[in-house]
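By written order: A, B and C. Residues from 1 in each chain.
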Amino acid sequence: MKITAEEIFHALEAVRRASPVVHNITNYVVMNNTANALLAVGASPVMAHAEEEMEDMVNIASALVINIGTLSESWVRSMLIAVRQAAKKGIPVVLDPVGVGATVYRTKTARALMDAQPPSILRGNASEIMALYDDKSKTKGVDSSASSDRALDIARYLSVAYHCVVCVSGATDYIVEGERIAKIKNGHPLMARVTGLGCTASALCGAFAAVEKSAFTATVNAMAVMGIAGELAATVAAGPGSLQVSFLDCLHRLSEKDIAGLLKAEG
Amino acid sequence: MKITAEEIFHALEAVRRASPVVHNITNYVVMNNTANALLAVGASPVMAHAEEEMEDMVNIASALVINIGTLSESWVRSMLIAVRQAAKKGIPVVLDPVGVGATVYRTKTARALMDAQPPSILRGNASEIMALYDDKSKTKGVDSSASSDRALDIARYLSVAYHCVVCVSGATDYIVEGERIAKIKNGHPLMARVTGLGCTASALCGAFAAVEKSAFTATVNAMAVMGIAGELAATVAAGPGSLQVSFLDCLHRLSEKDIAGLLKAEG
Amino acid sequence: MKITAEEIFHALEAVRRASPVVHNITNYVVMNNTANALLAVGASPVMAHAEEEMEDMVNIASALVINIGTLSESWVRSMLIAVRQAAKKGIPVVLDPVGVGATVYRTKTARALMDAQPPSILRGNASEIMALYDDKSKTKGVDSSASSDRALDIARYLSVAYHCVVCVSGATDYIVEGERIAKIKNGHPLMARVTGLGCTASALCGAFAAVEKSAFTATVNAMAVMGIAGELAATVAAGPGSLQVSFLDCLHRLSEKDIAGLLKAEG
């Protein structure tokens, strides 16, 4: 697969045109930014978590994004209802296993979600992806802190075992589907000083998967757009506060020329 | 009724002087922005939802704002306690039926809230207002997507049936009380790309209703201030991220001259 | 104790170097900003509230921050588990009794938390600190509104009774430990028009306490850094919206020269 700016921009235009409803069950910390990033990319965000309305809400959505950043029992029940309804309806599901490995509860919940209904796309940092597989991998809070090689081996394993695309994000984002791999080297170190940009990346995967049959291609597109908007934002930002703001501005205005000028991808 | 910049500014000054406590039971996505918008307009926001403290909190408030954006059973119970206590205490209540029509649960909850205690002000977009009345009206997530004429007929019906002011917001905001109608044509298209500015509008209705006996006048004032601050913000914003930030700056500094220069209202 | 820019900057560098995990059980309104402020100061924020993972999460943290801004029963149970586990593990605990005095439930909860496990640092505005002690002190929502002298007497009393540092924040921040007192006169009036900067101050106390044995010194450092970053931000902000953004930028870049140029402290 050759990754081109033209195809990424076409996908972005498809999101802007279709404005797909993306249903998010996500954590309290990032809800506002996630909704704003989905609006900025051209999608229609919905945030809802009540068990009573899960099936109805999934039924009007074109993609579902599950993020376990701030868990509790009733939310986990809603997540399970939502992923099953998404499978029944045939819409893509993105799982972001935030902080897996930090606590037993988080690890058990993420694995239960994977087993109940494998996602179309699993996106996490290296330590989260490793902790999903291996109890000996330790997560330091929600930060990335693990060796890439082992993370890639585990990503390949999980991709095959669960028939899903696995994205290991970091300075380089690896998108893995079985033996296939793509690398996106966009982004900026200051992005790690803004809370929840990983969660935003997962939400963008949902938006792109809503308009593209291949979950692999959708993830590549989402991670490239994410990284390029972040790089553009970093050129005007005075620090992490203004980066968060500029990121939304840049995402909203992103042009084919922006993508062509900055894209660093290996297919 | 003639709508003048002078009267709107006097109302704004009254909010700034009184700094009324506005109690919000609102959704997780917008809490931070809603609190900041209330501070920027000069009010004192309180966000609280525990059943155990609902009556106490309503008792220190000058207005109550109920927003059903992210529902759950215990929050609905608290909303019911709060609207009843507000009625007992005689403070104005604003209801924002976010996403009504998207799910049966949302529609039932909004109707139950209306029936338990009709609000002073009901504010939603056209599709939400229609879905409150009519099960055949469909909401696409939380976006506006309906014909204005039918929405206005339903607004008039709801206003009479529930003895409340109904605001149908959109490119033009319609404020309806029985046969009375006012139109505010301020605002900017980019505002629709920022999550929760509708929720902010509802919160501002609460702030203005706290210092003004006529719910109709309070709603006109709030929607004009909202739209004008948004227009001013759009002149300096590079996109939806910076619009959200500038909106608060402009709201905080809004002058009579700003209002006089931009007000587009029909009484 | 002589408070010097050099020592404050050394403490800031220690936070940046150690990047301590700070576990927050805080309110929905401020979660995003609190996490971003902790990242900007160099710490590693974790937000989690499920009872099932409280002990595990506290076990990977170097400080715990409890903030009662938006309460509910299950969160209070988690707070109690967390403060007990923090005591067992010997990590510092910061308590921010947001809105105490506004409702009976809030006052009872804050006192129950104090009694279950006295915090290392108690930080609130004057009315909150007084309401913790005295049922006749009234809080107007979550704003500060009380006479400083009485607040300081109560701060001294609480400091002795609970063996903790008490910070009474306001235009002047008072840091009290028994008969010891320090005053920080940094900050800017516009900071009061941004929601949750008090909550941010409490979180920074947690970050500094994670790298400094003396809770008194840690609180002095945190409040000075907070106020100075706020002053710097106010010099470039056009209002409360941009202040919130610039505050994070300034906190991220804060230099020894910035601190030396602005510090207004009495040891």
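Operating definition for what follows: a residue touches a chain if its C-beta (ideal position, glycine included) is under 8 Å from a C-beta of that chain, and two chains touch if they have at least 3 such contacts.
As the structure is a computational prediction, the values presented were derived from the model and not from experiment.
Copies chain A and chain B of the same sequence differ by a rotation of 120 degrees once their CA atoms are superposed, given in steps of 5. Taken over every residue number at the interface, the positions common to chain B and chain C amount to under half, indicating a different-residue contact.
Inter-chain centre distance (chain B to chain C, centres taken as mean C-alpha positions): 33 Å.
In chain A, the positions touching at least two other chains are 28, 32, 244-245. Residues 21, 28, 31-32, 35-36, 39-40, 44-50, 52-53, 56-57, 60, 74, 244-253 of chain B touch chain C in their complex. Across the complex, chain C is touched by residues 27-30, 32-33, 69-73, 99, 102-106, 140-143, 193-196, 237-242, 244-245 of chain A.
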